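Some structures to go through are shown next.
Each of the two complexes below includes chain A, the first together with chain B, the second together with chain C.
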Partner chain A sequence: MNNREMAVLVENVPGVSSSEERYDNQIEVRADAFALPGLLSYLKSNGFAHLSNILAVDWIEEGEFELVYNLFSYVHKLHATVKARVDREIAHAPSILTLWPQAQVYEREIHEFFGILFDGNPNLEPFFLHNWQDSPPLRKDFDTEEYSRRAYGMIDDGVEHAKEQSI
Partner chain B sequence: MTTTLDFAELTELTRTDKYVQYELFFGPNFPGMHGNFGYILDVAGSTITGVRANPGLLHRGFEKLMEQKLWLQNLSLIPRICVVDPDPNEVAYCTAIERIMGLEIPERAKYIRTITLEMSRLASYLMGMGALGAMMGLYTAMYRMISDRDTLLDLFEWLTGARIYHIYNMPGGVRRDIPEGWTERLLQTLDALESNIPEWDRLVFENPIVIKRLTGIGPLSADEAVGMGIVGPNLRATGFKADVRIDDPYAAYPYLEIERPDAGGGGDALARAVQIRLEYEATIRLIRQAVRQLPGGDYRLKLGNPLRMIVPKGDAYARVESSKGEFGYYVVSDGGVKPYRVSVRGPSLPAGLYLCNKHLPGMLIDDVAIWMASLAVCPPDFDK
Partner chain C sequence: MSELLEISREEIIDGKWERILNFFRSRSLWMLYYCTGCGAVELPPTMTSRFDMERFGIGPMATPRQADILLVTGYVSVKTLKRIIRTYEQMPEPKWVVGFGSCPIDGGIYWNSYATINHLEKYIPVDLSLGGCMPRPQAVIDGFTKLMKLIEKGEAVGYKKYRLNHDWYKRNQREVLERTEPVLGPPAKGQARAFARDVESVELSHISGSGGEK
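Coming up: the complex of A and B.
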């Protein structure tokens, strides 16, 4: 099965808003967040057995987080990128722990760095950051320079340091 | 009052797990640990009863840093995600950018990338096999293999100017062409490496102590491994045929014939060690094949001023088969001079942070380092 046929097949799954082929052997599926477990379970039973990773992108201007699931099928030799958007203020998404157990680690990581809650994941405790009390650091509105000034007490020494070049 | 020593009880104490439960910090400062990562083990006697991964001490915020640097500046940052095998990072990042830009790089560049990737794999396997020996007190293996690895680093230095972090690939190809006389020297080095293999067999892979220690450690079945996201030699050692170079080809791999050595599919630490050993031999032959087919022509597309590089809006995922399996880069561009988001998929995350909860309980403390070395758990690629 090539990526065109696969994209057409996935288009009919409930909750899918678009499904397109791209590059040589990839498909890109956009779906609603609540439909993720159903869609991913459909993809898994259709050969996409390998979960490469889960990640989040902060689209701050649109007020949304995008969750991206990268899957690979050893049967069809195809890659699937599944994207779902969640609201930035009420960041909730269903957990896919029952499909891939290692998703536990990815979801815990995303919760820590973006503040997205995964309903159904029992362990979302802090993992990488020790004693972190600030806003989640991979959000676009987290200013690293302002944070280090505040946390480590950087003093303005009056010296003109190299500024970022305007390109 | 005189105390009489009850020898029967004492032997019983040292033999079985009658010590009270205690907590053992395995790492961050432990010679068997690569990088400042650790496991907090609950131990009774010398048997592990519970485990908690303790990442974070190595976390440098790479993904946040990458959003603040120009497309090209990131190239000096990303090899640092994997110290032993840095080239897959560069190639995966560049391939993702080339996919977004819709570029097809010159044939020669593809072959040069392939050769450096495979050299990096050789260097990493030597380190891996040596570390496996060192975890069992067989330091001779470590010293001898590291000295073999050094001959490869010399070649890297000649080609790229650096021994460890080569920063050699860039979007559109590679930074400079292969110098005159380099390929001849590479072939000589490969002959020398190949002639040492019987010695490694005698020292490590036919060593009865090694075989006894490795048998049965961390067994994995193929279904389990696929369902958990285990990749690379660890997955192939379970008998499952999967290789990114064949399944999702990049660089010059579509033009090459890639061997698929089979270690018998045992799925335990011994099978994984043998798998690496067989792939080491196959990699040497693959480099020879690539050198034989090396075409002429350009080694890089001219993309204008690299510091003013702009990548069109879009996103792409690119995966590369590193010595530990699939290294993946998901790159998002909003059309600016910097990446909007870069996410790295480290190959050892499923083993290092998830599988440990299943494998380590019930194991002896002595076997943890062997388990880590056999699965090639490299903390910098998930604690990044």
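Coming up: the complex of A and C.
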């Protein structure tokens, strides 16, 4: 099955707003967030057995996060990119842990760095950051420079610290 | 044996025995390299046959408890800092720290990152910093010969600094590692991580139209 046929096939799944072929071996599917488990399990049963990764994109001007699921099919030799938008204020999307257990790592990381809740994921404990108290750092409204200035001291105040310590 | 200790103590006070010790210390250095970042790439050529660090009496050591030099190669994230402090405190005195590359000096290219500290010398005393991103093996060996001279003259006294200013260093370490409050103030509504209770309360408020529970 080539990517044009696959795009037409996926277009009929409930919750899918657009499904297009891309280049000569990819399809790009846009869907509602609530339809993700159904859509992804449909794709999985149609040959897309491999979940490459899950990404989150912060579209701050549109007030939305975009979740991107990259799948690959060993049967059809096709890539599938599934994109779903979630609201930035109450960011939550259904977990796909039951389809791919390895999604746990991605969901936990996205929850830590963007704050998106994955409904049904039992373990969203912080993963990478040490004792993090602020808002999630990869959101576009997080001021990383100001954080670095206040938390670790910046280049220009190195002189003061050198003076402060005397043996 | 007890006699020898007494003699050596007296001589440490007037500095003679310490001078002799420093002469030998500077010629037999065991190095523990904590490869936090990209600096580790420059160490194999420095240690192996082309540049051959061993001709200066510097060799690699596997454990902190037998090492003299702690080499921090590259950027230091907060998680790494915790391990560096534990490693440093396990090392027996006399001990020296070498900051390798730009990142331990002032943050380097990660100066505005939320995850990496900017000044390593705020948390542990650094005796020698090697600038560069990354320093070439020639620069590394040049730095080590400088460190050897400093040790021989008795000027590399970072570990004494650490002992004397223990409170200052510990305060800085705790400030980063045991933070209890958000640095940029509490996250605004809708900016913190979402948890199930938040989503539920917002959705309930949509249904009842009361604008949030309680």
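As a convention for this text, the second predicted complex is superposed on the first by the 152 of 167 C-alpha atoms of A that agree within 3 Å, B and C clash if a C-alpha of one lies under 4 Å from a C-alpha of the other, contacts with A are read in each partner's own complex, and residues count from 1 in each chain.
Assume a contact is a pair of C-beta atoms (placed from the backbone, for glycine too) under 8 Å apart; a residue touches a chain by one contact, two chains touch by 3 or more.
Predicted, not measured: the structure shown is a model, and the values here were computed from it.
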item	value
Contacts of A:L117 with chain B and chain C, given as first, second, both or neither	second
Touched partner set for A:Y152, first chain B, second chain C, both or neither	second
Touching partner for A:D143 - first (chain B), second (chain C), both, neither	second
Chain A residues touched - chain C or chain B, whichever exceeds	C
Partner chain in contact with A:N131 - chain B first, chain C second, else both or neither	second
Partner chain(s) touched by A:E89 [first = chain B, second = chain C, both, neither]	second
Set of chain A residues, in rising order, touched by both chain B and chain C	128-130, 137, 142, 144, 167
Footprint of chain A on chain C - complex, ascending	77-79, 82, 106-107, 111-119, 121-122, 125, 157, 160-161, 164-165, 168, 176-184, 187-196, 198-199, 202-203
Chain C contact footprint on chain A (complex, rising order)	88-92, 111-112, 115-117, 119, 124, 128-131, 133-137, 139, 141-155, 158, 161-162, 164-167
Touching residues (chain side chain A, partner chain B) in the complex	23, 25-26, 49-53, 55, 57-58, 68, 70, 72, 74, 77, 79, 81, 100-102, 104-105, 127-130, 137-138, 142, 144, 167
Residues of chain B touching chain A in the complex	55-56, 59, 61, 63-64, 68, 70, 99, 226-229, 231, 240, 242, 247-248, 307-308, 315-317, 319, 326, 328, 330, 332, 337, 340-341, 343, 345, 349-350, 353-355, 383
